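This report concerns only the one structure given below.
Chain naming follows the written order as A, B and C, and within any one chain the residues start at number 1.
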Amino acid sequence: MASTPAASRTAVPSGVTLAELVQALGGQPQGASQRQVHRIAPLPDADETALSFVAHARYRPQLAASRAGVVIVPPELAQAALARPAPPDGGWAAWVTPDPYALLAALTRWWRVHRQPRPATQGVHPTAWIAPGARVHPTARIGPFAVVEEGAEIGAGAELGAHAVVQAGARVGPGTRLGPHVVLGYDCCIGARGLVHGGTVIGADGFGFAPVPLPDGSGRRWDKIEQLGAVVIGDDVEIGANCCIDRGALGDTVLQDGVKLDNLIQIGHNVRVGRHTAMAGCVGVAGSARIGAFCTLGGGAIVLGHLELADHVHISAASVVMRSILQPGQYSGIFPIDDNRAWEKNAATLRQLHALRERLKALERRMTT
Amino acid sequence: MASTPAASRTAVPSGVTLAELVQALGGQPQGASQRQVHRIAPLPDADETALSFVAHARYRPQLAASRAGVVIVPPELAQAALARPAPPDGGWAAWVTPDPYALLAALTRWWRVHRQPRPATQGVHPTAWIAPGARVHPTARIGPFAVVEEGAEIGAGAELGAHAVVQAGARVGPGTRLGPHVVLGYDCCIGARGLVHGGTVIGADGFGFAPVPLPDGSGRRWDKIEQLGAVVIGDDVEIGANCCIDRGALGDTVLQDGVKLDNLIQIGHNVRVGRHTAMAGCVGVAGSARIGAFCTLGGGAIVLGHLELADHVHISAASVVMRSILQPGQYSGIFPIDDNRAWEKNAATLRQLHALRERLKALERRMTT
Amino acid sequence: MASTPAASRTAVPSGVTLAELVQALGGQPQGASQRQVHRIAPLPDADETALSFVAHARYRPQLAASRAGVVIVPPELAQAALARPAPPDGGWAAWVTPDPYALLAALTRWWRVHRQPRPATQGVHPTAWIAPGARVHPTARIGPFAVVEEGAEIGAGAELGAHAVVQAGARVGPGTRLGPHVVLGYDCCIGARGLVHGGTVIGADGFGFAPVPLPDGSGRRWDKIEQLGAVVIGDDVEIGANCCIDRGALGDTVLQDGVKLDNLIQIGHNVRVGRHTAMAGCVGVAGSARIGAFCTLGGGAIVLGHLELADHVHISAASVVMRSILQPGQYSGIFPIDDNRAWEKNAATLRQLHALRERLKALERRMTT
């Protein structure tokens, strides 16, 4: 085991005071607002040099036990944050806001820029391959061994990670970052301020084949349907690592503005995902499904092909959407986990469930006659 | 959102007449066979310049409402295609065939070659690394930063995408294309006319370990079983993006001719997949499973290890194959999705299902005594 | 279909006798211990030149029918291994050991080193990019187009595959191998003797966003929470191909010593996986889950966020962990697969299960009054 956890390396030598953070990000300081913050940490790992946060009153006991120097809290917890037994180096501080989670998010973004900048490529790396007919904005940054093919376009301030490939005619919007080994397929495009993590493939062929009977009658082979569409991705879209977003068969596959996808997600050809919809890891959306805006899909959920999900539909993790869902709401379909022996008995009985229902019906009939 | 959808870029300036398409691909023209086709589009998106298709009579209403200039239809819909209110630029055309889907597939392949050629590498890119002992056919095309290691062999007309890696002793058959970032591991081979999409890893180690008790009795560690086999892939195989096909432990992992795999599929070591079997996205096949020919596995299906599936077995999406299936047919095992409240009640009851059956039995016994 | 299966290429021209193997690896030779072994093969594929193994007495019939020249067997099968009808080239040999599987594992490792060495990079490939401030141990091997960024550290005897990327400040321990296209993100670290297969992305951002209401009231957008932690991986860890191990939000994501992950696995931010825990392919572990030591997760299993699994918990394939599991044991939650017609009836009834229970209760009440 590595002896020094990486998180300790995220500490910055020079602290920042709560007062300075409030000036940059708002909220109300209470208590020792001159306290120096050297790092941000989850509540159980935070010490006097750390800032942490509590979003709900149900974490009051954890707050009481914490040694975090500064805590982002909702107003109802400010007193609890300050009332802890005092640290050796002075009093505690509370950073009070009605929405601790949103303030934490803003703080992480400030911290990224001012205290822990992400290492970034500068300019065009000498090993990158830029095809003669490609257009790369002078402010774009292109990593080692990245490839920009003929007719491709890289916008202002965009960034390609090491080995990223932007194929012929593809377009990367301003400020958008493609991680290492990302592929943006030919004729595909992504809008502004996007972020695509390592290894994701955008614009591979959709899975389209026509069955053709074999002459010997033993079965059929599959003849390829060339995938002539592309992938069109809006602004402010984030896509995780090792995802696959297939190009459309005839029309396009579309991810609208603000969509957020976690890792290892499969989006089939012709799918449309509405704005600000989010999907957790390992989700699979089959071809031609249409998913509304503001939806959420839990990890490992599967949506079958050609279905429609209305806006504001929420699918629980590992649930399988087998029919269109046209009413907003939360939907689930998960086999409950149990110890193996109990599961075996219940699963075996499940295979007789319809028969049990018939037996129950028969009993009911006998009782009423 | 990008304002110009990519599909519009797939339009070709110079059209092709239905009569010319019939000459190339067969079928019967009806109506305005001199109508120019500039693009292929799904029915709802098609305008007068587009060719579309209808495969089933159940789409008759959508056909009636469509503005597609030319429609591929089965004979029973030819009249409906022509009877639509006439367009400003002349009459409609129908392209009549008993199998609209197969004709569409053939048309897409014609279109890919004649109207919308895929951008392709030419020759060996100057940045590629070809090891001294590798054999690359003079007609093969090798993309930027591709790697061909010692003893590897690239067949006639084969194509390696950017950053593709063909490791030592591996062989790529004639006409086979490996997409960007594909890895073909050492000693593995793929036959002719194959297509492997971006990021797929063929020939990583299978998951094989022997448990060894720890001296302190707290548990066991895992000792590696080196994976000494390879992966052998037949002709006409297509594999999607970001898949994993592991090398065999002692023997080989085998995909037979004509197999089609979608994206993000896991094929464990020693698995054998029979010819013309197709798997949708996110399928996982555990080690040493043997899957017959002409099977289909729906998206997210899981096949446990060492099982056997006969030819012509069809597994529904997200179903888990826990035992060998030796009879052809369709098999399913999916928890039905429901609104969350209903699911919660049913799932809770499911954990008492065996007990309910016992109670039902007891009632039945009382009724009959 | 390729006519020569790759496994046949793994045969070595010069054999090794059982006596020599025993000298290297222990165990008891019986029968023709001077028999030459040219390859290792599964029992059904083994001929007189091959060594195979039988771990359990239930495979006695397969052993009796086998033509394997040498067979690793437990003591109770030694006689059966030798009693087979003799081969043309002399008698059979048995290699007797109380734990055939562990001996096979040791043999594969010996074979890898002495008979079938894995092709490996030598030194630093001339095409690799090593940033000025990176530290690469003189004995490390760096593949073509690999990238080692500023401040990264590559240990003694470590190996980077083609196109592997070690980002700024990341550390690769001694003897650890990263496969082709692996990404080790900035500030992440992996310990000694590790192995990461192709395409795996370690240290992409975790999936963290704060919901922010849109001004028009139609829904909310997602504001990014920068992921400020890293990934910390212990010694002797193996990770399969195309996995994703996300960096922590504030603290770190941690895989402890001896963890083994198969392919296409998703590990969310802040997850902790205890030592010697193993996960099969396609598992998804959501953010902040804490998984104990010596656990196993079957293929396609899903663990929801913020849950805890105790040590020695075993989750069956495709099961969904929806609550913390604090007792060791085997747990399952799989919908049993059935022919489609039976499944449809049972699944439809399942949606009325709670109602059926109420009806059963009502009957019971009537019977007892």
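One rule holds for everything that comes next: contacts are C-beta pairs under 8 Å (C-beta built on N, C-alpha and C of every residue); 3 or more make two chains touch, one makes a residue touch a chain.
All values derive from a computational prediction rather than experimental measurement.
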Determine how many degrees of rotation, between 0 and 180 and to the nearest 5, align the Cα atoms of subunit A with the equivalent atoms in subunit B.
120
At the subunit B/subunit C interface, shared numbers over all numbers used: above half (same) or below half (different)?
different
When the centre of a chain is set as the mean of its C-alpha atoms, what distance in Å lies between subunit B and subunit C?
25
What are the residue numbers in subunit B that touch two or more other chains?
145, 163, 181, 199, 242, 264, 282, 300, 334-336, 338, 348, 350, 352-353, 356, 360, 363
Subunit A touches which residues of subunit B in the complex?
1-2, 5-7, 9-10, 40-42, 45, 101-102, 104-106, 108-109, 111-112, 116, 118-119, 125, 127, 143-145, 161-163, 179-181, 195, 197-199, 236, 238, 240-242, 258, 260, 262-264, 276, 278, 280-282, 293-294, 299-300, 311-312, 317-318, 334-340, 343-344, 347-348, 350-354, 356-357, 360, 363-364, 367
Please name which positions on subunit C make contact with subunit A in the complex.
129, 145, 147, 149-150, 163, 165, 167-169, 171, 173, 181, 183, 185-189, 191, 199, 201, 204-205, 207-210, 212, 214, 218-235, 242-244, 246, 248-252, 254, 256-257, 264, 266, 268, 270, 282, 284, 286, 300, 302, 304, 315-316, 319-323, 325, 329-336, 338, 342, 345-346, 348-350, 352-353, 356, 359-360, 363, 366
